[in-house]
Every structure is written in C-alpha cells, then in structure tokens.
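After this come two complexes, each holding subunit A, first together with subunit B and then together with subunit C.
This part shows the complex of A and B:
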C-alpha cells in the first residue's frame, strides 16, 4: 500500500471523482457493454440497474463503457444512453476503427453529450482525421492507452506518453492536451500473458508519481487471453478474472476497466473490500481520510 | 499434435498456437472462426488477434521453420484490428520508415520487434493464401490438402528473428524497489528516485 509524494490530480468527471492518493476516493469501476451481436437493450438496461444498485451499496462509482463495433449502432446506442442513464451520469465510448470514432464524436456533440463522455481511447494509432475531429468536438475526458508495441515495460509506456516512441510525431500526452482534453486518464495497457503482462500493474505507481494523473487499466484482459487457465474451467477462470482486479488499487490505481458488466455483482464487493483494506492502512499511517462515500465509511 | 514446447528448435516466440507436422509446408492463421481445427498435415496453426505483436509472432515463428511455404488465413477478419488484412498488407508492401505496415487497415499496425531482414525473409519464403471470409470447414480443408500435395522444397536454414530478452534490465540496490524511476520507503511512501 502506497502514498505518493507528487500531488495527485482529482478530476470531477460529470459528478464522479477520480484520482487522488490511495485510500482517498473509492476505486472507479468501468464496466463493458460489448453488444457482440445486435445490441440487446433490455438486457443492458437490467445489467445497468444491477450495477447502479450495487454501486450505491458499496460506494464505488460505476461507469458504463459502450463498445461500438458498427457505425449503424451509433444512433441507437446514443439514444439508449440519453433515455436510460441517470441524468449527468458519465459513460465511456470504446471504438477501435478511427472512421467510426470521428463520426461518433460529431454525434456526441450534436446530442450535447461530450461533457459526460470518456473518450476511450487515444493511442499511437491516432490518425490526423481523428485529431481534427477531437479538436472540433472535444470530450472533457479521455483515456490515453500507453501501449508501446516495442517495449511493454513501464519505461516503454512512459516513452509513448512522452514522445510517441517514434510512432507518433509527439507524445500522447501532448497530443491529448493539444486537441483540448482537460481530464486525462492513463491506461497502462495490459498485454497478453507472456508479453510482460505484469508491467501494466508495475507501471501504475511509476506513472502516478511521474505525472500525478489518474491511472488504471483493464488487467482482466490478461486473464481472458490465458490459454492454460481456460483448461481449469469457466468457474476458475471467472474467479481469477474478478480477483485480478484487486492488483490495480493495491498498486495505487484509481480506476478499473473490469470487462463484462455481467461480472458487476462480484467485482464491486471484491474491490470495496480491497478499498477498505487499503484505506485502513493509508489513513493510519499517511493520514489519508477516505471521503464520505468510501466503502470503508459506507460498509463498516 | 503438441502444444508449443520449442518443437525442433522452431517457433522461438511462445504463444497460443499448436504445432503439428514439423515438415508440413502450411501454417494456418485462424481469424474469427469457431470450432475449426486444421488437419494434422499442417505445420502449425493458431489464432491471430492483434495487428502488431500478433503479426510479429506469426512472422517470427513461421520463418523459423523453413519447411513452411504457405500461410493460409481463414475466418472473418477482426473488426477494427483488421489483423488478417494487415498481415496481407505487410506481405505485399512491407513497412515504412516509422515501422508502420504500408496500406494496413488495422488501428495500430506497427512492426517494432523484427528487423527488416526478417520481414523480407517472410515475403520471400511464404506465399499467402487469402481465405479471409471463408469459414466453411470443408472448403478450408480442401485448400489445405491441395497445397499440401505440392510438396515445395524447404527454404533452407531456419531464420531465428527474435531471441527472448533477459528479464533483468536494471541493477537497483534497494530491495523494496519496484522500478528504477521510483523509491518506496519501508512504510510504502513513493517518491521519485534522485537523478531520474
């Protein structure tokens, strides 16, 4: 359990606080809604309700992450967001294809949703069109993924943030600032097993001390890609998937992209428990007081 | 069939693949395709997910076995990543000065861990059979059988494109260190290491 010397930024993302010293704010939990086939909005609505209910109980803020695979889903998903999510609730939009990203930004602007949007994500594959679109339609908050295909170590992750590791003309932090992103969240880019996957966790305190920005990652991706673990059965893999998330707050991280929203009922209590453990130490030793909504205040 | 345990000294980059016949002339790359297992006559098969490290692994492993002369890509390409199409682009056009695959449609198509010699070797050793979009088992099996019967000659010596790096990269005296950039005191306070 750690405390940082450098001042830690605390961002207000449409009402949700993220960042700070370990033990200060509850870990923010970001849940994926993947819509692998056609979007099933009834199921999504039910899952969101479950998530917001359990979030109220533990105090860990919940943010849904909408993974958009096809352009034709944009309008339907944004309509769903406007009708279903609580007023001002932030959400994250996760799109791989740059062309769909730019179209989505325009739509978010038209629907006046940019202040609630977490743009997921800026990375070394950013195109000029994407930069132009981001400048024109700027979300308040963006996740920068510190993925460096040559060097998966914490140093390699810092290299792409600082100078783009020759793949972009400048560092990803400068790019994000230039397009006007005010609140930057760093994702330490969890890689597949065998690809220095542990570096995504080790990089958390290094990057927090270096920049003072909120840091997290999707460490569950490592579990998802594990071949040997699949041989131990679905139940074992699911438990490891959920348990893997405790590494993030333990190493000082501020948010977790925990994968399928269906895991909500297990992930929230697990992380609330971990937040309590951390808070007990950091308050006693470093004097970090947990906020009123922290799991330690709500549950004990 | 065997899991990837350094078979014959081939396949230096470990990963999610299955090794079959050491003298087989075909590697099969599975994109999005369910419940399909290539026949035992192929040299190696496995999934491709990412348009960067995933492609690098395939190249490094395929050129390590000179018997492999054909690479068959099958199944649907992965949206966004477009890993299959990016692999074809690499074979056709190579990489630019920033190590980006020329004309690749994927989101982050960078080749960072292989020398240009390895890419040239891949281009010369391998003929790509593009079955992207094909998911029918019989059709894929027919193509595999057809190319398998060609019995092309070996390409010569194995090409080892990558050596697994030693894990220790820094020498730090204090035992509680996590990383050379930071110092953690005995109670968990982190601060930047002097001079970093």
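This part shows the complex of A and C:
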C-alpha cells in the first residue's frame, strides 16, 4: 500500500467521484450488461436494482456498462437507459465497431445524454470518422485503452498513450484531448492469458504516477478466457474471477470493469473489504482520509 | 555475364490494420500470428518483385524501436530513453528471421539487419550513462550477441548506421569491429545520407560490403573513385525518399555509370534506404524495376 508523489486528478463523472490517492475515494465498480447476448431488459432492470442497492450499502459507486454490438440495439438501449437509470446516473457505452460508435454518439447528443456518458473506448483502432464524430458530439468522459500490440509491458502501454506506438498519427492521450474529452480514464488493457496479463496490474501505479489520471482495467477478462481454470471447475473459476478484482485497488487503481453484472453481489463486498484494508493503512501512514461514503466509513 | 544481385536495405511498407489488432484484444486472443501475416506480406512482395536477397521487412517497428524494445536498459517514450545499463537478455529479430526462412525458395537469400550501435546511441535520450562512448560500446556488445545468433539463420548480416553520415566518432571502427569480428557470414554496413565528408573513415570499417545512397547522391561515385578500398559495394539505385518510380532505363544508366567508375566492386543493387515511408504500390514498382534493370545488366 502506497501513495503517489504526483498529484492525482479526481473527476466528477455526473456525480460519481473517481481518481485520487489510494484510500481516498472508494473504488468505482463498472458492471457489464448485454455482452454477447441479446439485450434482456427485464433481467437488466432487476440486476441494476440489485447493484444500486448493494452500492448504497458498501459505498462503492456503481456504473453500468452497456455493450452494443448491433446498430439496431442503439435506440432500445438508450430508451432503457433513460427510463430505468436514476436521474444523472452515469453509464458507460461499450462498442467495438467504429461505424456503430459514430451513430451512437449522434443519438447520445440528440437525447442529451453525453454528459452522463463514459465513452468506452478510444484505442489504436480509432478512425478519422470516429474522431470527427467525437469532436462534434463530445462525451465528457472517455476510457482510453492502452493496448499496444507491439509491447504488453507497462512501458508499452505508456508508449501507446504517448505516441500511438507508430500505429496512430499521434498518442492516444493527444487524440482524446484534441477531440475534446475533459475527463480521461485509462484502462491498462489486460491481455489474453499467457500474454503478459499481469502487466495490466503492474501498469496501474506506473501510469497513475506518470499522468495522475484515474486508472483501472478489466482483469476479470483474463480469468474468463483461462483454459486451465475452465477445466478446474466452474465454482473455482467464479471465485478467482471475483478475487482477481482486488488486484486493481491494491495496486492503486480507481475503477474496475468487473464483467457481468450478475457478479455484483460478490464483487461489491470483496472490493469494499479491500478498500477498507487500504484505507486503514493509507490514513495511518499517509494521513489520507477516506470520504464520507467510503466503505470504511459506512461499514466499520 | 555479370552476377549482380538485387537486395533491399531493411524496411518494406505494410499497412497495419489497427482495428484487427484491437479486435484480438477484445476477444482476448494472441497477437503474434497477426504480425507474422504482415511479415509474410512484406516478404511475399519482395519475392514477387524478384529480389534475390530478402529481409523480414521490419514490419513490427521502426528500426530504432525494433531493437530498443528488446534491449534491457532501454524504454520507449516519445524517444527511446536509456534508463539502465544496456544488456542483451533475449533475441531481438531471430524468431522473425526463422519464420522468414520458411517462406523463402532455396534460390533466395536472407539478410538479417541490425540497427548500429552508434545510431541507437544518437537516437536515444541517455538518462543513465552520461557518457556517449560507453553507451555506444554497451550497445555494440549487446548487438554482437544478436549478430552471433543471427548468423545461424541468415545468409548475410547488415548493420544499419545512418548516423555515420553525420559523424563517425573516433571509436566508430571499434564499434563495428565488435559486431563483425569472427562472424562467419558476409557483412554489410549501410549508411544512407551524404557521407562525402566521412568517406575515408567509412572505408576503414571491417565489413565486406558498403551500402550507400548512390541514387540520391550520385556524386558519391566519384568520391569513392578517389580511394583504394577492399570492400564490395551495394549500389543504391532507386530512391527511397521520392515517390517517383524510376524507369528501368534510368536505373540501367545509373548502374552502368557506377560500373564504369567502380567496376566489379558492385555486387549488389538496392533501394537507397529502407522503403518504410513509401506507399506500398510505389515501393513494389521500384523493386520490380530494380530487378528488371539488374537482369538486363547481368545479361549484357
């Protein structure tokens, strides 16, 4: 447990604070919905309620991440967001295909949702059309995925932020700033099992110290793709999946993209427990006081 | 009948599909097969053009980053930074050369390219040694190990030292000697740019072949005529910094002029430098015309 020498940014993302020194703010938990599967809005509504309830109990802010893989889902998912989410609740929009991203941005603007949107994500695959759309319809907040196919190490991740590793015309940080993103969150890009996945965790303190920006990742993806764990048994894999997330706050991270929202009931107490542990030490040693809603204030 | 062979300097332009890479990341798949496909594309283009001595195309990275990425003591930021003692801890280009070898017909040869120690030194920002000479020597000792590995897999080893066109340090010959001493393969030193002021020092280099930008700077031919030297010549015969495709007759005239001046010293013809910055179709057409010119010259 440690503290950073560089001043750490704290962003207010539509009412949720993210960033700062370890132990200061509770870890923000981002839950995935509609990944791969067809959107099931009834189930999603129930899962969201469970998540917001448990979030209130532990103090860890919850943000839903809506995966949109088909253009035809855009309107239905945005309607669902407007009707179901609490007023001002931020949400993340997770799209791979650039054409769907650009259409989504226009819709978000039309529905006046851009200030609540976390754009997930800007990465080396960004196209000129996507940049144009981002300049025109600019979300306040975006996640930059520091994926560098040339180098999975923490240095490789910084390289892609700095100069795009010679695969984009400039660094991803500059691209994000140029299109007008005000609040940048860095995702350290957890790689496939056996591809230096651990570097995503090691990169968290390195990138926070380098830029002072909020940092996190989806380390759970590595567990999900682990073949040996799949063979080992469903229950063990589930436990490892949940437990893998504690690495992120332990290494100073600010947010966790923890995978399916169905894991809420296990992830929130696990991370609340970890946040308490970190806060106990960082307050005693560095004098960093946790905010009023921190799990240590709410649960102990 | 002459036996002038066609070759390339190092890099070949390949369009990298960054979206394809990001999809491998999102799907948690391994990226190395994708790089192999780009290497194969570059090699296939060189083979299709009819080049006799092929390289791997240096598709992964620009020539500085290619080596800095894998040498201990370097880290890549906007520039390469030296943060610790330079050491060779793992092969740098060997796996790619092994792969290229599997793609080559028996009548084709493979050239392994090493970025030179002085060029790496000058291209980097030194935060550790504060002693240019010591840094250059440590690079040379590290690259020697790569060269020793490389000679098991390639037919010829080329050292790329463009910074020698600006300046050859008084220890320049020693640096190159460290690498070439006791190698069993023929060696080339490639120095692009205007080397006229440093030509006498370059002629002292312990290599078998000298490779220069004779097409862009044809005055070099008469400069070389002033000296007696042991090395053979790789004649730059098409420009790498200009998108105009030289026609076959123009290339033949250039080669004939060079033969008139330097006689049978000329054993290879090539582009003036790496072709990374040329549009792929232009690079390919330049190689095709080079090969055709070489064929006609050889038959005369």
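In this section, the second predicted complex is superposed on the first by the 297 of 300 C-alpha atoms of A that agree within 3 Å, B and C clash if a C-alpha of one lies under 4 Å from a C-alpha of the other, contacts with A are read in each partner's own complex, and residues count from 1 in each chain.
We adopt the following convention: a residue touches a chain if its C-beta (ideal position, glycine included) is under 8 Å from a C-beta of that chain, and two chains touch if they have at least 3 such contacts.
Keep in mind the model is a prediction, meaning the values are calculated, not measured.
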### Message
Should subunit B and subunit C be called a clash or a fit once both complexes are overlaid on subunit A?
### Response
clash
### Message
Which partner chains sit in contact with A:114 here, subunit B, subunit C, both or neither? Use first/second/both/neither.
### Response
neither
### Message
Which partner chains sit in contact with A:150 here, subunit B, subunit C, both or neither? Use first/second/both/neither.
### Response
both
### Message
Contacts for A:166 in the overlay, against subunit B (first) and subunit C (second): which applies, first, second, both or neither?
### Response
both
### Task
Return first, second, both or neither, reflecting whether A:195 touches subunit B, subunit C, both chains, or no partner chain.
both
### Task
Considering only touches as defined above, state whether A:124 meets subunit B (first), subunit C (second), both or neither.
both
### Task
Would you check which partner chain A:229 touches, where first means subunit B only, second means subunit C only, and both and neither mean what they say?
neither
### Query
Counting only touches as set out at the top, which of subunit B and subunit C does A:96 meet: first, second, both, neither?
both
### Message
A:250 in the overlay: touching subunit B, subunit C, both, or neither? Say first, second, both or neither.
### Response
neither
### Task
Please indicate which partner A:221 is in contact with in the superposed arrangement: first for subunit B, second for subunit C, both, or neither.
second
### Message
For the overlaid complexes, name the partner, subunit B or subunit C, with more touching residues on subunit A.
### Response
B
### Query
So which bits of subunit A does subunit B touch that subunit C touches too?
96, 98, 123-125, 147, 149-151, 155, 158, 166-167, 191-192, 194-195, 225
### Query
If you look only at subunit A, which of its residues touch subunit B in the complex?
1-6, 69-70, 95-98, 123-125, 147-151, 153-155, 158, 166-167, 191-192, 194-195, 202-203, 205-206, 208-210, 225, 227, 252, 281, 285-286
### Query
In their complex, what parts of subunit A are in touch with subunit C?
96, 98, 123-125, 127, 145, 147, 149-151, 155-156, 158-159, 162-163, 165-168, 189, 191-195, 221-222, 224-225
### Query
In their complex, what parts of subunit C are in touch with subunit A?
16, 18-19, 21-26, 28-31, 34-35, 60-62, 65, 69, 75-78
### Task
Quick one: which bits of subunit B touch subunit A in the complex? Just the residue numbers, please.
14-16, 49, 52-53, 56, 79-81, 98-100, 106-113, 169, 178-179, 181-182, 184, 187-192
